[in-house]
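For reference, the structures are reproduced in the following blocks.
In what comes next, chain A is part of two complexes: it sits with chain B in the first one and with chain C in the second one.
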Partner chain A sequence: MALIVVEVMLKPEILDPQGQAVASALPRLGFNFAKSVRQGKRFEIEVEGTPTAEQLAQVEDAAHKLLSNPVIETYVVKVEG
Partner chain B sequence: MSFRIGVVTFPGSLDDRDAARAVEIAGATAVPLFHASDDLKEVEAVVLPGGFSYGDYLRCGAIARFAPIMNSIVTAAEHGFPVLGICNGFQVLCESHLLPGALTRNQGLHFLCRDQKLKIENTETMWTNGFTQGQEIVIPLKNGEGSFQCDDETLEMLESEGRVIARYVDFDPNGSRNLIAGISNERGNVVGLMPHPEHAIESLTGPSEDGLIFFKSILHQMVGR
Partner chain C sequence: MSLDTVTNAQNNPDASQPWAELGLKEDEYARIKNILGRRPTSSELAMYSVMWSEHCSYKSSKVHLKQFGEKAPKSDALLVGIGENAGVVDIGQNYAVTFKIESHNHPSFVEPYQGAATGVGGIVRDILTMGARPIAVMDPLRFGLADAEDTRRVLPGIIAGVGGYGNCLGLPNIGGEVVFDETYAGNPLVNALCVGVMKHEDIKLAKAHGAGNLVVLFGAKTGGDGIGGVSVLASETFNAAKPTKRPSVQVGDPFAEKVLIECCLEIFHADLVVGIQDLGGAGLSCATSELASAGSGGMEIELEKVPLRDPSLSPEEILMSESQERMCAIVEPKHIKQFMAICKKWDVTATVIGEVTEGERLHISFNGELIVDVPPRTVAHDGPVYNRPIAKPAYVEERAKAVINIPMPTSAEDVKAAILKLIASPNIADKSWVTSQYDKYVQGNSVLAQPEDSGMIRIDEKTNLGVAISTDANARWSYLDPYEGAKLALAESMRNIATTGAKPLAVTNCLNFGSPEDPGVMWQFAETVRGLADACLELGLPVTGGNVSFYNQTGSVAILPTPVIGVLGVIQDVRKRTPMGINKSGSDLWLIGDVDSNMSGSEWAYLHGEIGNLSPKSDLAKEARLVDLLLEGQEIFEAAHDVSNGGLAATLVETVLKNKIGASVTLSDVAVALFSETPGRVLVAIDPNHTNEMVALAGKYQIAVNKIGTTGGDKLMINDTKLSITELSKAHTETFPKLFG
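== the complex of A and B ==
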């Protein structure tokens, strides 16, 4: 069994108020390492066996059509495990 | 026969009944449409109401876009069929690519619920022809993800083509680019609006009756009433 992972992030030019809220909460807990924080989404998709090229192409298609909104987001598809 | 306007109910729609009521008070017949059917029931226009379709899972409007009824609406809208998307309906229209841009989390992160002053900027669309240019109206604004975002090129296109139909007045409540509260497609048959005209149709329950003009505009456009 393998895991196909799709990570979706807001494009850099799109305002991310959630990330900003996290960034401003960190120092209140004494964490002073963050210059900025961006928040995204991670999808873990289980498949039987080793992912085929065709499966990966289908996941790419799904990432473009459903998992991300290309107007405001970018995505990467990768295989883990 | 009375002019028929469909109001779509998705799982999680909230304002479908208010929208249907607004349609009736404007003088048309409201026809309930269901997300799981692709049957438009011979309606001549459609309202996509506010709410939280599919629980706003993934992104607001992202899953509603693939409902069977949306296939019919997208195809019809591309041929000039009138569609008004309010709040979640606006989000569905953006996710369907009938309108450009996207609605993202309010800049202040809080859910907003207030009577909002708007300025009508385009009175040429099917849904705004009953207004006068520059008219200021007050209708409720209630959303968590109402910040209109798009790239610079799209913004320039919307502005130069006069496709911003309404703007927030005095201040930007949710971080929308250029104070944009609503936009239209190129032909003016598809309009998306973040604030809620269907909640401002009677002085008893709304801050004004300004919202009714959106619903009367489509009647005027289609049947000259």
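== the complex of A and C ==
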């Protein structure tokens, strides 16, 4: 069994209100390490056996069409475990 | 990095500049050179290009729009007219309301959620800028065919964006429209309306006067949002590696806007600003040049002081950025400490970026180097004005002569099938799928909201004073006859206000059209403005402001001319408003107004692929009498509902379904009676004891009234056609969930 992971992030130039909110909350709790924070999302997709090239291509397609909004987001597809 | 300074522009007069890529025409570029007596710096070029764009300068529409001023009726209600961020209307009890509608069409096609969300954010800031607390929003929306693939992408995103932003702000969404037509495929219309309330003495204007007063930028930091076009300039000026291509998608942050609203209102309350302007399209270029131009003209800005989200922005990009949730205020030095303290309290970044000066020029420097030196009026107000060629398109006469043949049902079964088909069609079907995503009741002052004829908001909890707002357009009538179409849209919007029991006071508009470079489209536009101005004059309703959106077309196919007309009315006691739904059995149903057999532009014709030949003709004198009748008779109306889109069939079904109380009516020439959309009609329910009053009202206002039936039961009976409430409800409500999940 393997895990195909899709990580989606807002493009760097796009405003990220959630990330900003986290960044401004950190120092209030005494965490002073962050210069900025950007928040994304991660999809873990379980498949039987080792992922085939075809499966990865399909995930790539799904990432483009469903999991991300290519107008404002980028994604990477990788295999874990 | 090399900065294109004013000195540099003088020393290198022949440097080539990307004016064409920025959308300027050759003669416009020449005119800028003429105004400045030299070539513009790249920053000046950026400012002129964006401020002289169609969107900001109204260069194609200006010559027509001036009719709203020339033909303006005398009105005591208007406190602030066209030209400010939004018009302000007196509603009595020392309250003033401001309302305005704007388009955010193209951004919503590119990125539906953020486009629609920032559309709401922008109009809310316009209202806030007038000194008012925003109290409600409305969103007239138009899409391609409901079952088209792209509509499935665009519609859910737009609805979620409108809801997401408005709900986070805590603003009730009390109405609007959802209309489908294939011409809107690729050109969805997202029009956003906001209404705000203030006391008379709180009205704020966008003016910068008083030398020495400070220019303060506050709100969100400036990023590279919405400056796609200006990247051309940035790449000319800089050789250093830039981050990825600048986004033309602006992302809204409603929580930042909410804080900005509260911060502004506290600042207004303490009377700390001389003038204020929001940053919308064209960002700082627009705010600085408009503020300076409306004042004495002089202003100095130090651009490097603008707080940046992205430190790699060039001065040109800072000037152009359309980052959301920002405001610009003019503050007297003695108030600045208190101003900053309030911003700090709300955690709003505020920075003094310059000051008002004695001169008449807008100077902008970057790290001590002068990069902009212009007369602000030439940027903000003296843009190019075009008298675009106008030609009546051939289709108008062709349509006028067309013979139309639409099947009209006669037998009881056919009538039943026709009604079920009509009320399930996307334009008539129940819109709860959409409106349930909006918060209609937040703040606790919503009296009426979709699907009622108009949205109604209580203004004063003690006196129960309230306002009602409605938006309407019938683009198919406008297509057949834009002059009549505009008049009819205004009449319908006004009628909707009066139907709920409010007195119409003022008009706003959002005029959505194809390309102004097409003489046929320009004819549609000119006729629309002429019709609206004539109608406003005749009805005594002033236009308080509006918005024009051109270039809504795909290839050579323009959208249907879509003038969305908003009317605002006042009601002295919201507890006395008239709801649309039948609310008790045993009442009589009366139809006010006559019907004729013209099916042109009707939903029934559209369902048969027909648009018709001649638009109905408006009778504004009669519409005005109808308003008076509705207001005088309000006490006796238990329910009232306008007859418009979908004809009496849709009106009857909606009044029955609202509270699930049936009705039984008798109609002669049943198909025409049900499906014709003859304007100037309202269905009312009254107690049989009030028959004499009803007849007397009809006589007094010379409008035909007919008793068509009675209320009660669990079905809608039309002659011998029986429709159970269950089957009506199923047909009416299933469409949207089926289409959009």
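Quick note on the criterion: the second predicted complex is superposed on the first by the 81 of 81 C-alpha atoms of A that agree within 3 Å, B and C clash if a C-alpha of one lies under 4 Å from a C-alpha of the other, contacts with A are read in each partner's own complex, and residues count from 1 in each chain.
By definition in this document, contacts are C-beta pairs under 8 Å (C-beta built on N, C-alpha and C of every residue); 3 or more make two chains touch, one makes a residue touch a chain.
Note that this is a predicted model, so its numbers are computed, not measured.
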First (chain B), second (chain C), both or neither touched by A:57: neither
Which of chain B and chain C A:72 touches, first, second, both or neither: both
Chain B versus chain C as contact partner of A:3, first or second or both or neither: neither
First (chain B), second (chain C), both or neither touched by A:12: second
Which of chain B and chain C A:34 touches, first, second, both or neither: neither
Contacts on chain A seen with chain B and repeated with chain C across the two complexes: 10, 13-15, 17, 21, 69, 71-72
Interfacial residue positions of chain B with respect to chain A in the complex: 58-59, 62, 66, 94-95, 100-102, 104-109, 147, 149-151, 175
Residues of chain A that touch chain B when the two form their complex: 10, 13-15, 17-18, 21, 66-67, 69, 71-72
Chain A-facing residues of chain C, complex: 110-111, 114, 220, 223-225, 243-247, 249-251, 253, 255-256, 309-310, 323-324, 347
In the complex, chain A residues that touch chain C: 10-17, 20-21, 24, 69, 71-72
